[in-house]
Amino acid sequence: MDEQRLKALLEQVRSGEVAPDDALDQLKTLPYEDLGFAKVDHHRALRVGAPEVIFGPGKAPDHFAQIFARLAARGNNVLATRVSPEQIELVCEEFPAAEHNPSARTLVLRQRQEKLGKGIIGIVSAGTSDIPVAEEAAVTAEIMGNDVTRLFDVGVAGLHRLLSHGDDLRMARVLVVCAGMEGALPSVVGGLVGVPVIAVPTSVGYGAAFGGIAALLGMINSCASNVTVVNIDNGFGAAYVASLINRL
Amino acid sequence: MDEQRLKALLEQVRSGEVAPDDALDQLKTLPYEDLGFAKVDHHRALRVGAPEVIFGPGKAPDHFAQIFARLAARGNNVLATRVSPEQIELVCEEFPAAEHNPSARTLVLRQRQEKLGKGIIGIVSAGTSDIPVAEEAAVTAEIMGNDVTRLFDVGVAGLHRLLSHGDDLRMARVLVVCAGMEGALPSVVGGLVGVPVIAVPTSVGYGAAFGGIAALLGMINSCASNVTVVNIDNGFGAAYVASLINRL
Amino acid sequence: MDEQRLKALLEQVRSGEVAPDDALDQLKTLPYEDLGFAKVDHHRALRVGAPEVIFGPGKAPDHFAQIFARLAARGNNVLATRVSPEQIELVCEEFPAAEHNPSARTLVLRQRQEKLGKGIIGIVSAGTSDIPVAEEAAVTAEIMGNDVTRLFDVGVAGLHRLLSHGDDLRMARVLVVCAGMEGALPSVVGGLVGVPVIAVPTSVGYGAAFGGIAALLGMINSCASNVTVVNIDNGFGAAYVASLINRL
Amino acid sequence: MDEQRLKALLEQVRSGEVAPDDALDQLKTLPYEDLGFAKVDHHRALRVGAPEVIFGPGKAPDHFAQIFARLAARGNNVLATRVSPEQIELVCEEFPAAEHNPSARTLVLRQRQEKLGKGIIGIVSAGTSDIPVAEEAAVTAEIMGNDVTRLFDVGVAGLHRLLSHGDDLRMARVLVVCAGMEGALPSVVGGLVGVPVIAVPTSVGYGAAFGGIAALLGMINSCASNVTVVNIDNGFGAAYVASLINRL
Amino acid sequence: MDEQRLKALLEQVRSGEVAPDDALDQLKTLPYEDLGFAKVDHHRALRVGAPEVIFGPGKAPDHFAQIFARLAARGNNVLATRVSPEQIELVCEEFPAAEHNPSARTLVLRQRQEKLGKGIIGIVSAGTSDIPVAEEAAVTAEIMGNDVTRLFDVGVAGLHRLLSHGDDLRMARVLVVCAGMEGALPSVVGGLVGVPVIAVPTSVGYGAAFGGIAALLGMINSCASNVTVVNIDNGFGAAYVASLINRL
Amino acid sequence: MDEQRLKALLEQVRSGEVAPDDALDQLKTLPYEDLGFAKVDHHRALRVGAPEVIFGPGKAPDHFAQIFARLAARGNNVLATRVSPEQIELVCEEFPAAEHNPSARTLVLRQRQEKLGKGIIGIVSAGTSDIPVAEEAAVTAEIMGNDVTRLFDVGVAGLHRLLSHGDDLRMARVLVVCAGMEGALPSVVGGLVGVPVIAVPTSVGYGAAFGGIAALLGMINSCASNVTVVNIDNGFGAAYVASLINRL
Amino acid sequence: MDEQRLKALLEQVRSGEVAPDDALDQLKTLPYEDLGFAKVDHHRALRVGAPEVIFGPGKAPDHFAQIFARLAARGNNVLATRVSPEQIELVCEEFPAAEHNPSARTLVLRQRQEKLGKGIIGIVSAGTSDIPVAEEAAVTAEIMGNDVTRLFDVGVAGLHRLLSHGDDLRMARVLVVCAGMEGALPSVVGGLVGVPVIAVPTSVGYGAAFGGIAALLGMINSCASNVTVVNIDNGFGAAYVASLINRL
Amino acid sequence: MDEQRLKALLEQVRSGEVAPDDALDQLKTLPYEDLGFAKVDHHRALRVGAPEVIFGPGKAPDHFAQIFARLAARGNNVLATRVSPEQIELVCEEFPAAEHNPSARTLVLRQRQEKLGKGIIGIVSAGTSDIPVAEEAAVTAEIMGNDVTRLFDVGVAGLHRLLSHGDDLRMARVLVVCAGMEGALPSVVGGLVGVPVIAVPTSVGYGAAFGGIAALLGMINSCASNVTVVNIDNGFGAAYVASLINRL
């Protein structure tokens, strides 16, 4: 029951077609989603400029392609993450304009171009192995309408690499910092800037890295007060929040 | 906005006092809790015969006593769990009728007496150290209107104790089984009966018992298909669900 | 030694054919399973309307098919879970009536049709990735003689989807709720209804989801008192218990 | 060596007072902190409007009081968290204007009053036991110059409480959400709003809550894309980041 | 129903006093514990020469003393482990013959003296901090009728201490080896002897010793094939099994 | 330097051929393994009747076959565990007498036949999936010269299966009990017998079974005092210790 | 900007070519890496005699070969660890002088030969399965200019093997000790020598070895004071530190 | 049996007083500790300049004082760690020269003064709360004859503090770096220097710091190759190894 139908009901009450008691019954069983509050919710993601998003893993290629097509038909930007070669192939046949970023493992269909972010989002990664996660973040931030600066391979064991990019760090309005192994980079970056830092632990490492747990624990315990954390390898989520912040 | 006010609004629409557009605005911001659905929710717990419940730990004695008094004032049964001597003393001064069960660490004020459960709830415990948890379950089941049978100290290392109570087990409509250490009892009991078994891991044990984790893992992995599990030492929760089941 | 043989022995004692001492010897070595209590146990599962069940993983296809055939020969319903394509192929050749549910990864041979459940079992899932577990639960509940309502893809990040099905939730006599990632859905559903909720953590998620551990912990710590929990991905077990409850 | 002194050195080089080689030596040993970049860092925290902060635990009362006095002498606002009665007593003797918030366990000396945040920071807590953490967040946000709205005791097992505050949620520019036990509230709140949500797991709960680990895992695995997470009970850190965001 | 009563029933059947059908009814409800098998179970522990055992922690001193007195009344040896000063005081008043071993934290009442073990049980400990656990094992082995050799403070970081006792190790028929920290001693001892080694991880250590988990894991993964493991600090259990072995 | 050479040196000292000082030098650098004590160690395993053992995983088939041949050449029994089809094929070509047990995944070459165990070793398994581990134990016990009784598929959820084999349990001199999932069987068996029980957790199960951790924890926390534990799936190790015990 | 350029700038200031203010601007944006301190850092690794290092896993063979060639072009030694057959093949075509150590899974190009270590580095391994890690350490130590002694397969369950190499142990200036399973070897070795012992836990083992966690915990809790630890399977890192020590 | 007695035995063999066979018997039972190799071991610690060490926790004050006195009597330096006020009081009465360092919680009796270390040991700590651990390391290094430089409170969130001490870092011959929370400091320091870095995780932090586990994991996964790790809070052990290195 949408706003039109709700108004129609009220008109019927006014006109006497429907008695208040009967209207009351209808209102009492009114599905929640028909209220304004819920409607807001329904389209919330798109209104904040988020693309339609598909998480690739576990989806059969043809199923994936159908979802992609259906979302594309709405005219919004579409972002697919962690896509497989088979998924890419099928989609690109139908949507030659879809851009595949092999490093980020993303597939993007850009149907609307608007600059929504007010400043620059800095995407920082500790090592070269963290780049897929960092690129997923960068692609996400770009499709959500942000300018992005990439600072890759600036891990803490070679501080000069990071420090020589002090200007880039200071120019960002919000930073996404990706690191595996001991996950120390967000703490160091957090100490160098005065803006929010979103830390992404990556599954890079071996042995006691435990697939990203060591990095996650390190980031959650960061001694820098401007650091918050998302799930292991969740480049998309970090960039999503960074985009919300950059829009303020 | 309750039903009366909602009806009044609709009457105003009918009478023309309020225009449909203005009524629409009021309805769009209608707080969710004023709908029938939410109201149901609001009184749900009491309608299923649950007592008013207070969790003792962390509450200052006088604060605890005030909450107790306020809940008691509604005329319902009141159940307080894991109460401290100070909390008990303060409440019992004001409510001499409140029953303190030292083993269960509960305080109960019985203001209504109704039999709500259709059958017997069996409360089973593995060792004597598990009795506080089992008694918390028993007291909860009783205040929620059930007949309860207690089978305590029937752990798996002395099977004859358990097996000699076969009749008691088979007469229960639902069972709550409390065990610490390896937590094997629910699996064994589950294999002997055809009714739901709610397993309660207890923090009884030492070393690799890890405060109940070993028992919790054992119960979650039970090879008996009729076993579900609640949190460590959560005798109250197990009995709450058992009461819901026994009411069917 | 069944009841008939036991009675026969007693008759022989009465008639003097067997001396009391010899009867005593026979009774002392009487295997436990021949007592009434154990017999009950032996056929317990089937008497509560449970199907014969085969867990697919790790069984060679031909071995699997033989077990299936042997169980089918007893005339009961047969349920196989987590079946592989090879297992399905072999069984379906011999049992064309066997129904394969690809989503649930189940194989069912329905040889008896009886309605055993008194109400509706609601099967709820948070995301589309949780559907295999939810479908396993639904198939299990159906073969155990229950009416089932499916509410899929109603996760907590889009509450309106869940709330718009308030009637479906309230009409269920018991609910099975499947969720991965943070596993929050059972708590929310538990707060909306007054019946038992059986929570099934799923292995859906990545990174710190730890293959379902995060969801399992979330559910075990649920702030809703009517929630109990089964093992990760154990849709079968949840539906089994729900069926026992629905029969009361 | 600040900018003035650096310029002076260069002037001396130009005038011939200092030879290039000697200037080179001075520059080579130039302490990092004397460069502009480092200076920025040095005063960064205060420039973003953060108070001087003292973490109370483990500090002897007199040591604590001395630190407090020294920080207060700089004329900035001072915030002490998790303070003990002994620490409070000593400080309040000397600084009668210091405000002690018993619920938040904070001690605040307000010496400057400026509104730095552009919108409202919403502080949400699941249960009453989470209030100390939520209050620590609120006090922090306020001393950092923000308007704060508190929504306490709106846990997911009673959704109507949360939903009836839809307006408050939607009016916030950024939200801090504190929850223990299963930690589900941030996911639900995240689904209702389009702004960043900073989740704070609390150590509230028992048994398998593991002192906040269950809540932490739940939040890190949130199915809502606008959620980031800080350490267990870290209300201060969450509000710190929220303040940075609210200043944009 | 013991053997006598069972025989009496059969006599009544023979004599016609009791009809076979009535006897059948009695037999069907025959409690399991009355069968020979269960009886064996009931007195099993004492028949293998085990003392009556009381686990001290969590028992009120007067309750503890009553249990002690009741067990002592049966005329068997009594062993209490992890006893508190209050428990000791109360018991020793009534039983001046009770021996308190302060290092082992045990209280023993020796009422029967029989040598049941055929050889020597060697009790080995890595460090001086492991002695309480090792002494608990030694006291247990002695009260169960074994000769015991103690080799304490022979940890692996000073191999010469261990190796200089080669004869003692080789003379034992079974060994109990207690170690905390890395728990390496059982592997080394296991490699030096050809008899069963029962490893007891102790909670000695700090930091990543995790209260005995590191030692437990080390022992479970022992590269010596003759090592089995009991719970952390479970000196009693290790000696109990060693006693069973030494009796063969 | 063996005993003969040592004696020869002493003879040379006596005869004056070697000066005491020179002999002293030779003795000081005397390798440890040449002492009687070490020699004992060197042949220890074989003297206790253990076979030569090869752990299959990770060994290239041809490397594996070479080791097998070399060990076989010593004339002892050879036992290979967890062998792969390729390893089996290569060995069986050369050693047609080698017996492959597909269930146990073992390869055995029996070159000596002696009965070393004094009684029966009972090998018990909870489910059919635990049989590979149980069979590995049985094959090991047999090649070490023991009589073995197998009791498979007698898990705790169907107690009658276990209890009907009371005689078999009671006739064993030592028991090896294998179980996955909750690992409760050793506790139950331990309560039924008075001999040592060696518990083997298996990796059978899914979800929160954590590859055998749940079973391992359950067994380490067993409430039966006669239970000790070996590593997950370590059927060989359990049977090795059982054989040592059965030889006493 | 290196020292020469910095001096040139100062000369320009002196000569008046560059105004102090302009020089100031250049100095303020002076990249950190151009300072002497950072330069040291930049070439630090090579100056301590470390080879150029490539970690093989996750690198495409052609990408790997390009990196290898680029590093080789600098004229330094090149070390690649954990290389795959494809990576080896491509590199060896271009660099026939590259040495592949199949056991260590390393590829080494030796372009400079200098002895940098002052003594011998002893590389010790517990079992044959630990050899790949130990060989990685040995190859690393050798390419870093050290003499290496290998003591393999000297695990603690057969002490005589270790003790018979007492001289080799005592002659080393620093030791790298690799062990899986319970990881006890470093403690034993640490007790026999007076030099630093670097312990490398390996992922050798199964079940509760948890891929090296048990060994890691054992080593971190070593009762020998001269033991420090690196990550699981990190033979390279251990040898790197040993080389730094051996250079002192 | 020391060298003298061994030589005497050989002389007796030469003189014919003892027959070779009798000497052989004596040599076969020769205790290991009497060989040169073991003797070395026995006095190893002291020969490397280590003090006599007592670990305070768990020792009764009078017992502690006796041990202290006994060790002091040998004329060596004595170091007691983690001492309690009671232990200090008793010892200082008897040994007024004993120095108590309240921050390090150490008690030192200096009876010999020799400079054994060749260079400087740098002791670095991240925060002020890490100082007790860092001071324990410093005191240990000093009593072992080393020059020590302390760099405290130079955590990674304020890099300028660390970087401004570049000279101090570069002048150290080996570094001990103590950090809690995320434990990132050793990685950063490791990247700035070319000498061995021994990392000490501290138990500083709260919530997901898990008493030092997060820091331990971070350090074990350090991306700097020159970092090795000791147990949580083990300042003594780190300094012990640093002293061994500094002596080379």
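For clarity, chains are labelled A, B, C, D, E, F, G and H in written order, and residue numbers in each chain start from 1.
We adopt the following convention: a residue touches a chain if its C-beta (ideal position, glycine included) is under 8 Å from a C-beta of that chain, and two chains touch if they have at least 3 such contacts.
Please read all numbers here as calculations on a predicted model, not as lab measurements.
When you average the Cα atoms of each chain and compare centres, the chain farthest from subunit H turns out to be C.
More than half of the residue-numbered contact pairs at B-F reappear in one of the options E-G, C-F or E-F, namely E-G.
Separating the CA-averaged centres of subunit C and subunit D is a span of 50 Å. Taking the mean of the C-alpha atoms as each chain's centre, subunit F and subunit G sit 39 Å apart.
A separation of 55 Å divides the Cα centre of subunit B from that of subunit H. Among the residues of subunit G, those in touch with two or more other chains are 32, 37, 41, 158-159, 163, 166, 191-192, 207-209, 213, 216, 220-221, 225, 231. Interchain contacts (touch definition given at top) occur between A-B, A-C, A-D, A-G, A-H, B-C, B-D, B-E, B-F, C-D, C-E, C-F, D-G, D-H, E-F, E-G, E-H, F-G, F-H, G-H. The residues of subunit E lying in touch with subunit B in their complex are 29, 31-33, 38, 41-42, 57-58, 201, 203, 211-213, 216, 231-234. Within the complex formed with subunit F, the residues of subunit E that make contact are 37, 40-41, 44-45, 47-48, 50, 53, 118, 163, 166, 170, 173-174, 191-196, 198, 216, 220-221, 225-231, 236-238, 240-241, 244-246, 248. Per the touch definition, subunit E reaches subunit G in the complex via residues 126-127, 155-159, 163, 181-184, 187-188, 190-192, 205, 207-210, 213-215, 217-225. Considering their complex, residues 129, 158-161, 163-164, 166-167, 206-209 of subunit B touch subunit E.
Those residues of subunit A whose C-beta lies close enough to touch subunit B in the complex are 3, 6-7, 10-11, 13-14, 16, 19-21, 23-24, 27-30, 32, 35-37.
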